[in-house]
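These are the structures in question, set out in turn.
The same subunit A turns up in both complexes below, where it pairs with subunit B and then with subunit C.
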Partner chain A sequence: MLKLHNCKKIFKKKTALNGFSCEFDQGIYGLLGPNGSGKTTLMRCICGIMDTDGGNIESDENIIGYLPQNFGMFKTLTVYEMMDYFATLKNIPSKTKEEEIKRCLELVNLTEVMNVKTKGLSGGMIRRAGIAQAIMGDPNILIFDEPTTGLDPEERLRFKNLLKKIKKDKTILISTHIVSDVEAICNQLIVINQGKNIYQGSLEEIRSAAKNKVYIVSEKYEDQLEGNYFIKDRISKDNENFLYVLSNSKIKFGEPAEPGVEDGYLCLLKN
Partner chain B sequence: MLKNNLKLLLKSPHISIPLLILLLSTVGINLYAMSSYFMNSDIFAYAEKSLWLCIIGFIINFYASYEFFYQIRFSDTEETIQSYHNVKNKSDMVSLLLLAVFPFVQFVISLFFNCVLFSTSGMTNDSYMVHITLVYFLYIFLGGVTAVIFGALTARKIKRIVAYTIFALVLFLMSGISAFIFEGPSLSSSINFWQIKYFFAYLLPNNLNTIPYDDYGFPCELYRWNLSLFWVLFLLMLLIFTFRLTKKKLKIISVCLCAAAAAVNLTGYLMGGSHIEAGSGIDSIFLSDYVYYKNNKTEVKQQSADFKITKYEMLLNISRQLDAEVTMSLSDHQKGTYLFTLYHQYAVSNVTDESGNPLKYSRSGDYIDIKPDSSISKIKIKYSGYSSVFYSSSQGTALPGNFPFYPMAGYYDLKAKFGEYNHIFAPKTEYSVTVNAPQKIYSNLKETGDHTFYGKTNCPVFAGGLYEETDSDEYHICNISSEILLSEEITPEFLDDVQKKIDQLDKNSGIHLKDYYWLKMSLTFCNQAFGNNVLYSEDGIMLSSVDSPEETAKSIIEQKKIYDNAQ
Partner chain C sequence: MPAEKLIRSIKLIQLNLKSMGLLYFIPYVFLFLILPLSTYISLTSGTAKEQCFLNSYFQIQMFCPFFAVWWTLFGFREFSEGKMRELLLVYQKSILKELIIVWVYYILHMIIMLVLYLCLFGFNYFHSMMILTIQSFAFFSVGISLSFLIKNIALSFVICILYELIGMFGQIDILQPISMLSLSFPQNFFDGIVPYLFILLVSMILLIFSNLFAKKYA
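Right, the complex of A and B next:
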């Protein structure tokens, strides 16, 4: 169980967290928010990398597995030596250390390169190594900051599969701006904007936030759009161009469409 | 954690190779220095060569520390490690300890070679070993640790180019090169540019090429320890300050403890004290007084006293500097003012008569005028300070009686010329002296008890440092440690030869060498103090060279005549 109550974090000129409150139970949580909304700051505060300037963070766990946005390793060490380095810092007993390192490397499919120097790894492999160090010691809370950034589709799929393997009895928080990842991985969603928790709920609930607000409109009516609307996409169908529009008011000349998570997310932000 | 950090260090060739070179050069330089010792038996030449390691060590230790912490900082592992429970600082401290092992190993290797030399060459004088251990610890170990902490701190906060620029500047200020560069402008103006070096000058030995006094050894005075410890603690405080500790109280306590200890050492350093600088700094033995007399154009006075001092009772406390209480018994006074000469660096704090009543006095440079309101029989003067040439410190003492480290009756021209003063021989007087010093003090006066001396002379001399007494049933001899001294030491056989020569040259001289206390002084000391290689007084004779019994015999006869003719 992880509880955040009225957390505040102020940098010199910017308020990164502005009374953020939230409760996490077991499950995979997606943290969505625009750039600079406070996602990384929030994660750093949860992991204890930063102190909050107000509010409190309660957790039953001492160990939190964390994959930072910029994860790196010492280039002169091999993958195994690097994991050994992390394992020592994580106070994993020396008796079980080797076994644990191998287990984690196997989970992220890096066993084959464990004796290769880290400077020889691809970006995706380094991310996976980062995930391996995060899950080492089997922490109950896992926090991944932009884990799929820079990964190719195959790697992303692998990551999703990995989460399925490890998610049991764990609280996992994933920050990302790739909504499709959230849809595929998470069962709960938190939207952060300007350091505040503006939404927390299931994927269905966030979809319903955009219910009756999504329309497909022929491009020829673009000039006639009125009120508070947002053109999310332009699509072509049967040699005709259409606009994918989010609007608070009903569009008479538009066709109502089924909203997705991204629509719900955008509606929350735009409102 | 140590093992992992060691692995990281060893697997980083840009760090491990320079450190390996450092350790190999420590062995290599010591071997080279050792071979040169076996060629010319000069222990200081050996130690001087091995001390170059402290400069090499300072540079490489800084580099290794900076690069090691820089590697950690820019490896993108920091954030990951910070997320582990309270281990980031522990890991950094372990890294720091690991890097501090290298200066320690350097220290141990150098000490090991000294021990080998000590045991194989049959040395017996422990004071040399103690001295060299302290010197190595101060310059090789503490100097290296300073560099390690400095490197760690800059790597955490400063970009590479800026960090190395700062380091180069610090190194420049520490070196003798800057002293040499600042010398010209300082001498040609009234501004002492050397002050720019003030907080860096003594971290490493300024000048390794010159050992000014054989009986003093390498500069290792208290204030140097203060400066080194100040930097270690101050940099450590800043380093801890950069740590993010969850236990804030622990951080505050650690920072406060370091700050307090650094402040104590800074105070100690600012207090200064007697030192001996052989370099080209404005503070050196060669320039310090030359600059003083050049800049402070006080009137040079020469006037004999119209009174006599019949007895001196001195209490000389020597620690950082000389703190003295000198009581003079007076006679034959005719005028109202008592004139004295006392070296200007000794600050007078109190002048009283025999009853403890304060007396009016004025001070101008080396001169003191005391104007009692009524007739007095004694004057007591309290003063403290030090001379850059004739030192009085925790490490050694060299106070020759023809230099006014005590008030001398009358005005004398003391003007210094590049490390030398005019030699003043006061009238023969009775001396009763107590000297409290960290080292054993030797004198040409008779030692009458623990720390006390008594006798009659025109030049009381007090010396302490790397001396040892020579066992002889017939003679009382004290030599500069034979292992250190390159020239011959005074031996009973040599004195027998001198006695024979004296008897041949002047049967009526009345000189019986067995009645005297013999003190072998360094040539530098004798030249600077007496301008002669022999100093004769009733109880003791000081020699700076023992090359020729005949020349020594002639000098002793001549000096005795001068002494006997002294008032």
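Right, the complex of A and C next:
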């Protein structure tokens, strides 16, 4: 459905994409990577906003639904007019346009504010309107750049439920740095670092990347930690403080722990 | 199909212009209120009709072509700057067609204004229509090209204003080579048009290249 082969993008002195290759089938893909790793550039190249400087992107879809990181709207137009604007841009036939706009607004729970000017919307509502415009016209490829940023927990839950409703037969790519969102939403994961695809697989597989590398260590042993290790968290249990440590070598005085997706992701980055 | 595409473009234009709010009406204020009112005041204050005809002609040249940038710059500002830009580029690579339609729409307003002058004061400015159209196109082209290249509407507009001021003081010898102002009224539709053909050609080339640049370096 969507194939990227050896994609390169260079901005003056910075290489944003450095031979990125990947294949996307139907499903929800989480794109994880540290700041500046090339996530947004990759999404912009897939959407056609930017041309790559090398490699190629193959897609059998003409229209891609896209939600950028910074989504804004005309402040003087109503939500319905704004959706009408995007429907026109997406070439949705005028016969079905009204029905399609209402369907999308209903999916994101914005029907009630349909006739309200967009300047009167909250940040969360604007984000939802952004999601509505992306799914309008039922595109088979949906790309969301940091979709949950700025959403409160209730809105995030709503977004996750919405994805469950629309995911059928679609390729959905979500860029985020919130690992818990990836765990809750995605069934495939791609880790990008320095413009390269350093990992692609299921959530289970990425957890296994941290197998035997996660330890819970009493804080009193902190000074005795040696080698290549990383303290991810500090936790309290039964009036005692513990460290959540990722380490390539075995920690004798630590208790092995079950790794999570974030642990696997951090292990990939640290290696 | 072409009709469908045209309807789609008109719908987009309508919503873009609607997004301007009250700013949309500024050209109307100049074309249909300030300029005719200024001519009326000049006539009633005892200025000779022939002199008044020429004075109004200079005023029309100063303001009408300049306002060709207004709707195209501010109505489509989100395509050059602003939070919607990134998303709009996904769904529409170029808006040149829509911008040209808006320019034609503005020229229609200019024609209505000239009809108004003919009906109200008996001043027939239609011989200058070709010159006014080319001047308008030049402003439209410069404004749009700047917004494509520097991606800043305010700065593009300020540069157009600066040029407009040069046009106003174009009668100063040193500034004449860069002024587009026609100092004599044309005797027929094509009179004095030759120097303007060069301006037209440069404006068209500028518009085409800036559009290509905008598509390549989005």
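Note that in this section the second predicted complex is superposed on the first by the 271 of 271 C-alpha atoms of A that agree within 3 Å, B and C clash if a C-alpha of one lies under 4 Å from a C-alpha of the other, contacts with A are read in each partner's own complex, and residues count from 1 in each chain.
Definition applied: a contact is a pair of C-beta atoms (placed from the backbone, for glycine too) under 8 Å apart; a residue touches a chain by one contact, two chains touch by 3 or more.
Just so it is clear, the structure is predicted and the values come from calculations on it, not from any experiment.
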Exercise. Overlaying on subunit A: subunit B and subunit C, fit or clash?
Worked result: clash
For this session: Tell me which partner A:131 touches in the superposition: subunit B (first), subunit C (second), both or neither.
Result: neither
For this session: Return first, second, both or neither, reflecting whether A:62 touches subunit B, subunit C, both chains, or no partner chain.
Result: first
Exercise. Which of the two partners, first being subunit B and second being subunit C, lies in contact with A:251: first, second, both, or neither?
Worked result: neither
For this session: Report for A:179: first if it touches subunit B alone, second if subunit C alone, otherwise both or neither.
Result: neither
Exercise. Looking at the overlay, does A:49 come into contact with subunit B only (first), subunit C only (second), both, or neither?
Worked result: both
Exercise. So which positions on subunit A get touched by both subunit B and subunit C?
Worked result: 44, 47-49, 51, 63-64, 66-68, 70-77, 81, 84-86, 88-91, 133
Seminar exercise, completed: Interface with subunit B, subunit A side, in the complex: residues 44, 47-49, 51, 62-64, 66-68, 70-77, 81, 84-86, 88-91, 130, 133
Seminar exercise, completed: Listed in rising order, the residues of subunit B that touch subunit A in the complex are 1, 3-4, 7-8, 11-13, 71-72, 75-77, 79-85, 87, 91, 244, 246
Exercise. Which of the residues in subunit A come into contact with subunit C in the complex?
Worked result: 44, 47-51, 63-64, 66-68, 70-77, 81, 84-86, 88-91, 94, 133
For this session: Note which residues of subunit C are touching subunit A in the complex, please.
Result: 7-8, 11-12, 15, 18-21, 78, 82-84, 86-93, 216, 218
